[in-house]
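What follows is a set of structures to go through.
In the two complexes that follow, chain A is the common piece, with chain B as its partner first and chain C second.
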Partner chain A sequence: MRQTILRRLTRPVTVLTGLVLAVLGILVAAPLVSLVSATIPADGDFAGSSWPDVVTSPMAVNLFWTPLQNSLLVALGTAVLSTVLGAFLAWVVVLSDAPGRKIIAVLATIPFALPSFAIALAWSSVFRNGRVGGSPGILAGMGVEVPDWLAWGALPVTLALVAHYFSLSFIIIAAALAGLGGDLLAAAELTGASKLRVAASIAIPAVSPALLSSFLLAFAEGVSNFASPALLGLPVRFQTLSTRLYGSISTGNVERGYVLAILLVIVAAAVLYVGNRVTAGRSFAVITGKATRPRTVRLGAAAWPVFTLASGLVAATTILPLAVLALTTFSRRSHRFDDGFTLHYWVGESDPGVSHGMAGVFRNDRLMDATGTTIAYGLAVAAGAVVLGMLAAYAVRRSGSTAVIGSISFLSYVPFLIPGIALGAAFIALFGSASSPLPNLYGTFWILVLAGIAASVPYAFQTSKSALGQVSGELEEAAVVVGAGTGRRITRILLPLSARGVTGGAMLVFVTTVRDLSLVVLLVTPATPLLAVETFRYAEEGFTQHANAITLIIAAVSVTATLLARRLQGADQPWNR
Partner chain B sequence: MTETTTPDVGRGASITVDRLVKSFGDQRAVNEVSMDLPAGALLVLLGPSGCGKTTTLRMIAGLEDPSGGRIRFGDKTMADGDSGAAVPAEKRGIGMVFQSYALWPHMTVRANVEWPLKVAGWGTAERRRRSAEVLGMLGIDHLAERYPGQLSGGQQQRVAIARTVAPRPQVLLFDEPLSNLDARLRVDTRAELVEVHRRSGATSVYVTHDQIEALAMATHIAVLKEGRLEQFGTPDELLENPQTAFVAEFLGSPAAVLIEGTVASGELMHEGIALAAAVPLPDGETLSAMYRPEAISLAEQDGTGVDITVLESTPSAGRFVVTVRRGAKRIAVVSETRYPVGARLRLVLPEEPAALFDAEGRRWDHLA
Partner chain C sequence: MNTTLKLSCATLTLLALAACAGASEADADSESIDADQAHPEFDEMTHEQLVAAAEEDGEVVVYSFTSRIATVAEEFRAQYPGIDIVEHDVSSTELIERLRSEHQAGADTADVAYVSDAPVVWNELLQQEVLLRYIPERVEDLLDEQYKEPLLTNRLSTKVLMYNEEAHPDGAPVDYLWELTEPQWQSQVVMVDPTGRGDYLDLMTEIVLRADEMETTYQEYFGEPIELDEGVENAGYQFIADLYANDAILVSSTDDVNEAVGAVGQQDPPIGFATYSDRRDNEDEGWALQVANDVAPGPGIIFPAMLGITAEAQNPAAARLLIDFMMGDDSSDGGPAYAPFYVPGDYPTRSDLATPEEALPLEEFNAWLLAPEESAAVRGEVNDFILTVE
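Moving on, here comes the complex of A and B:
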């Protein structure tokens, strides 16, 4: 009896499962537990803790309720507009015969590959007014009076988020529309129903799960995004939950920050969780048979207006902001072009007369240092997340226990519900406080890597699962039959066969990691500079050209790697076939 | 299923297809196809995969515009590929069953059937009555409140048919509607489809690559090959009087046997055996002689005949379909006895072949 238990414990799959659960426990469960326990007073008396400060005290309005209201407002605007614009573009690309559909389809996927602060910085470069000092934007430089509501606060924060997330909505809705199959719509057209009626009664309801899930994703992202409100709201004290959380921790009110982090997690997770539940049973999988490509709707005279609208939209969120960023980095003064152009901000030596003597980005030791750290950070996270994702996916595939499968799947999913900045706070609670049982890693490279892996686990796990899923169980069983052990099966059968999907997944983890600001903004210290955070600091301090130049570098890396990764994964988009 | 509810009989339209062409780029998917289909007929478009059946059907439906030629329903022109004029699909009075069924996944079975009626402006009570009637006719009235995702393939198929016939279209179109069903269900549903066609009174066009299905259902068959019409006619005409070697070998179970010979001094010879006499062609020309499988017999002993090897014997209606190998070619004949696999036998051919085909596969006639 004892022997069989021992044998079971040492079976490779059991060992692997235990290992995966332990790592997920440390990376996912432990930070959350520390975050919560750090806000629970030792004597159990909540009256003296930070909870009443944040929720009920006189300053709670400022600290929590107003930011909550702002967050929800921004999120609602982001969700509605992203879904409407994403659906419109998806319709143009998949179902209409508008000219230029191919190009629109490519451009519409790019904003999501850009760092979310790129659009915010571009907005600020154009619309910034004199309200908070510093050099104004291009419009102000041309003598245009830019009203505050256009320069700062809810509207620009929301629009900058929409410019980023409509792209995600587009991807989700276009895939759903393309998956419907042309026959479904042809069958409706044959009844004699008008185009509008077919759209309203058939196409939209049939993709309603995609519409809903795009709405909720955009909503949750809108609640949790940090970069956009930090750059366009914070300077005028337009606070959201995430900027409040950042403010509390960076000014030393750590416990309040933790409380805000917990509340932020609750709001975001509730939205995403409800979304998952609502859409789970309602995915209208395309039934049987081969789907035909949808017949395109003839737009006739409306073709050019539709084209103008769609291409204007994608140009305004891709080419235009990148062009603005580029232009400012080449002009001597960020807001006006009559002072001449210069390469100073890219390659110039330090000159006390310009930008307080800061050298161009390619001559700047601190930035070169940050570049090195960022790349090392991205690579370490990509490697770690993919290895963990693969092992977790493999454990789920081979384990017979529903409890094990359930726990691994759950722990791998949880970080998806947690806004980056709140996850950062939780890592401080676990690895950066004296009361934690784990070693203090705050200020080291490793806390960044561990947090990055935790944040990327949901994606890495899903990708690995689907990559492994494409290798049929029989291929592996054939190797079992000839006596190949677990390690050998993984390295000789599974890995080679799923390599493309996994490599593509690793590249996407790399880009999402290096361009992300919210997770790391609380975790970096001068010893571990990262490009995304440097950009943010420069922007805060008014070094517009430097911030924009670094953003362009990150954007170039992001977009290239995203396109490459999509190609590697064979995600030849379904609507392009 | 009551007899009072068959007012639709006789609503079909005749269909005329005149030198129909469809090009995709420089490939001609459908090439100069012409046929005349009487009202109420059931036409089967038959041919191997990729021969242009779906494309032809979709042009008849109006889902695809012809590159050339004309389609008429009765005396009304539906599409003119030369002028580009076309009646839109929804104005043609057609109903179509898609290969993928194309059921609307967010609507119940009843809603799937009723929505087209609603679009056509039927009243609520009328809609309800008609949907109950067609669902009853197809034996799926108990599924009315289910969603398509909760049905088996065969049930989905019936819903698709019910939805198509409910508005009483003049023309019914089917694109390989049985190809996603298992063998048993295919045979059952086939008979039901013929019944649906008969009761609706519509003119039907039915696409399949299965010649058995075609022979079982059709009043007319059009055999297509690489976009061209090989032959159009009734099943009997095609079986009795195939106009091309392709049709002869494609239709029938088992299909006709073709044996190639060379003309020598006015006789068609195959390895020293005379296939046909009095062939007025120069020496060296090749022709194929067609024989009906039931007219050929197998002989064990030496004698005149063509050497063959037995591959398999399948019992069929008290007799046996014996498949034999002749060089690289497989031939099926009907025999009274079973032969063991590997037996070396001879084919005994009748005096005269049932037909001759030239080297291009066209029918060749002595007198012509």
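Moving on, here comes the complex of A and C:
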């Protein structure tokens, strides 16, 4: 009896499951627990803690309630507009016969690979107005009067986010539309229903789960994004929960920052949870069965206007901002093109007369250092997240216990509900405070990697699960019959067969990791410089050209990786079939 | 009150407080600890021996609150090619947070810190023994006592009201700080967000500490006594509230203020709080910055920029060498090493260095000398107050 228990406990799958649960516990559960416990006063007297400061004191309006409203406003705007634009592009690419669909499809996936601050920086280069005095943006420089509401605050913050996240909506909705049975629409049209009617009563309901999940994802990103409000909000004192959280922690009001982080997690998680409950009940039956290629909608005379609109949209969010950023890096003075052009900000030697003697980005040792650290960080997170995701997916696949499956699935899902900057704060609470039982990792490369892995687990787990799901269980059973052990089965059967999907997944983790700012902005120290944070610093310090140049470097790295990943994962994207 | 008098008053205050400190335990903590207590071997070294030891270290990491560190580093590299200097330019507020967190974590950290938030340095970095003091023997006798406490001060920097002299060739467009709360300056006063940047919080704090002067000048300017809003404690706080209510513009860096206020060719430029010495970049950057020195009751603050060695310095010899280097050589302007700091608008602390030309001599400069301890006591409250009026 004892031996049986021992044997069961030492079974590779049991050991593996235990390991996965332990790692997820440390990476996901522990940071949240320490975040919460750091805000609970030792004597249990909340009156003297940071909670009333943030929620009820005279400061609370500016510290929490107004930022909360702003965060929700930005998130709602981002979610609605991203979904509408994403759906429009998906319709153009998948269902219409508009010209140039292929190129639109490629361009529409690029904004997601760009750092979200790329658009914000480009926006500020174009629309910056006289409110902050000094040298105006490109438009104001041409004599166009740019009103404050267009230059700063809620609208530009939201639009900069939409320009980034509509791309995600496009990917989700296009996949759903492509799965839509063509015969379904054809049947409807045969009954004599108008195109509008077909769209309203068949196509839209059929893709509504995709619309909803695109809405939720964009909402979650909008509520937690840090870069956009940080770069475009301050001159009109537009603060969101993320910027307040960052401000509190970076000026030493750490506990207030933790309280804001908890509140931000609650807000984001509540919305996503409710949303997912709503989607969960829907039937996805339309995407099963033998779908035929959906019939193309003939646009006729509308083809060119639709093409113009769609291509204008993708150009305005990809080529245009990158071109603006590139152009500014060559201008001697920020946003002014009449003062001459220079390569100084790329390759110039240190010159005391320019940017306080800062050399061009390619001559700047620290930036070269940061480039190396960023790539190492991206690779380490991608590898770590995929390994953890694979092991977790395998444990779920092999474990018979619903409790185990439930816990692993839950812990792998939770980081999805936690905004990056709040997760960063939680990692500081766990790995950066003297009172924590775990080793102090603040200021090391490893705290970045661990946080990165934690943030990427939901995606890595889902990707691994679906990649493993494509490998039939019979293959593994056959291997068991011939006596192959767990390790051998994983390395000889599961890995080779799911390699393609997993590698593609890893590269997307790499991309989302290297271009992200909010997770690492609190964790980076001068000893561990990352490009995204360097950009933010330079932008804050007014070194526009340097900030924009580094953004272009990040964009180059992440767009290249995205395109590679897409080739690996989806030489056959659903909409190319 | 002229600056010399103010300096003496501040010194007296400090001395008085220091005297009290002997009796009270809380203040005893903010005594600085000399780095050479930890490493007595350096005490005896000649300069040549220090250079040899520093070359053995091979590297020195410095966190600096000013971007001028880039130029210092170039110069250091040229002079000591055997020592790899790694310089990081971070805001003083963030620098202090980093130092503190890294110290707590026992993580790798800088060897040298160049900081400006004197009140926080006083309050926290010294109490927690994050930073140690090092005074190179060579300059010890050239420095007033106040520039050796709590850390080595290598120059005085400023946050003062600056205007555009191209648009206002006849002098500052304001005579009183209170004018900034008037409709004609609505949305036209620029500064860095004080809740995010220590030096600006110090400026706001000083205005609160000068509440009496603010009250008097209110009466002078408006011709009637000040009426405080409900819950507002004094005229200093009232000024901050009124400034914010007048839509003061917050930006993220001093360079943004410089650009906003200083850029040439503006019809109606704003006014703003910035660094006096940035005026030196007028030509390079296309600015026309000038200090509003005569604004009443004062244009802003003048505060120490301090050098310290971290408690965990990995390269103790190179750290000492860099600090020594940053105090300048024996020439009358401090030589190339000190050149980035020897600029009009900054004030050298070494008594043998002449004040750089083209700026007001220290005696004529009306800025308030920051009193770190008094400031430290109320800056938290000021920060919270600003959060309520934003």
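Note that in this section the second predicted complex is superposed on the first by the 564 of 577 C-alpha atoms of A that agree within 3 Å, B and C clash if a C-alpha of one lies under 4 Å from a C-alpha of the other, contacts with A are read in each partner's own complex, and residues count from 1 in each chain.
As a working rule, a contact is a pair of C-beta atoms (placed from the backbone, for glycine too) under 8 Å apart; a residue touches a chain by one contact, two chains touch by 3 or more.
This is a predicted model, so every value here is computed, not measured.
By the touch criterion stated above, A:440 is placed in contact with chain C alone, chain B being left untouched. Once the two complexes are laid over each other on the shared chain, residue contacts for A:186 go to chain B alone; chain C is not touched.
With both structures placed on the common chain, the touch criterion links A:402 to neither chain B nor chain C.
Among chain B and chain C, the chain that touches a larger number of residues in chain A is C. In the superposition on chain A, A:208 contacts chain B only, with no contact to chain C.
Contact with chain C, but none with chain B, is seen for A:59 once the two complexes are overlaid on the shared chain. When the two complexes are superposed on chain A, none of the residues of chain A touches both chain B and chain C. By the touch criterion stated above, chain C contacts chain A in their complex at residues 61, 63, 67-68, 70-71, 74, 86-90, 93-94, 96-98, 100-102, 104-110, 120, 187, 190, 193, 195-196, 198, 231, 249-253, 255-256, 258-263, 266, 269-270, 272, 284-286, 340, 383-384, 387-388, 390.
Residues of chain A touching chain B in their complex: 181, 183-184, 186-193, 197, 201-202, 205-206, 208, 284-292, 295.
Those residues of chain B that touch chain A in the complex are listed here as 61, 63, 89-91, 94-96, 98-107, 115-116, 119-120, 148-149, 153, 156, 163, 167, 179-180.
Within the complex, the chain A residues that touch chain C are 53, 58-59, 61-63, 131-135, 234-235, 237, 247, 249-253, 333-334, 339, 350, 352-359, 365-366, 428, 432-434, 440-444, 525-527, 537, 539-543.
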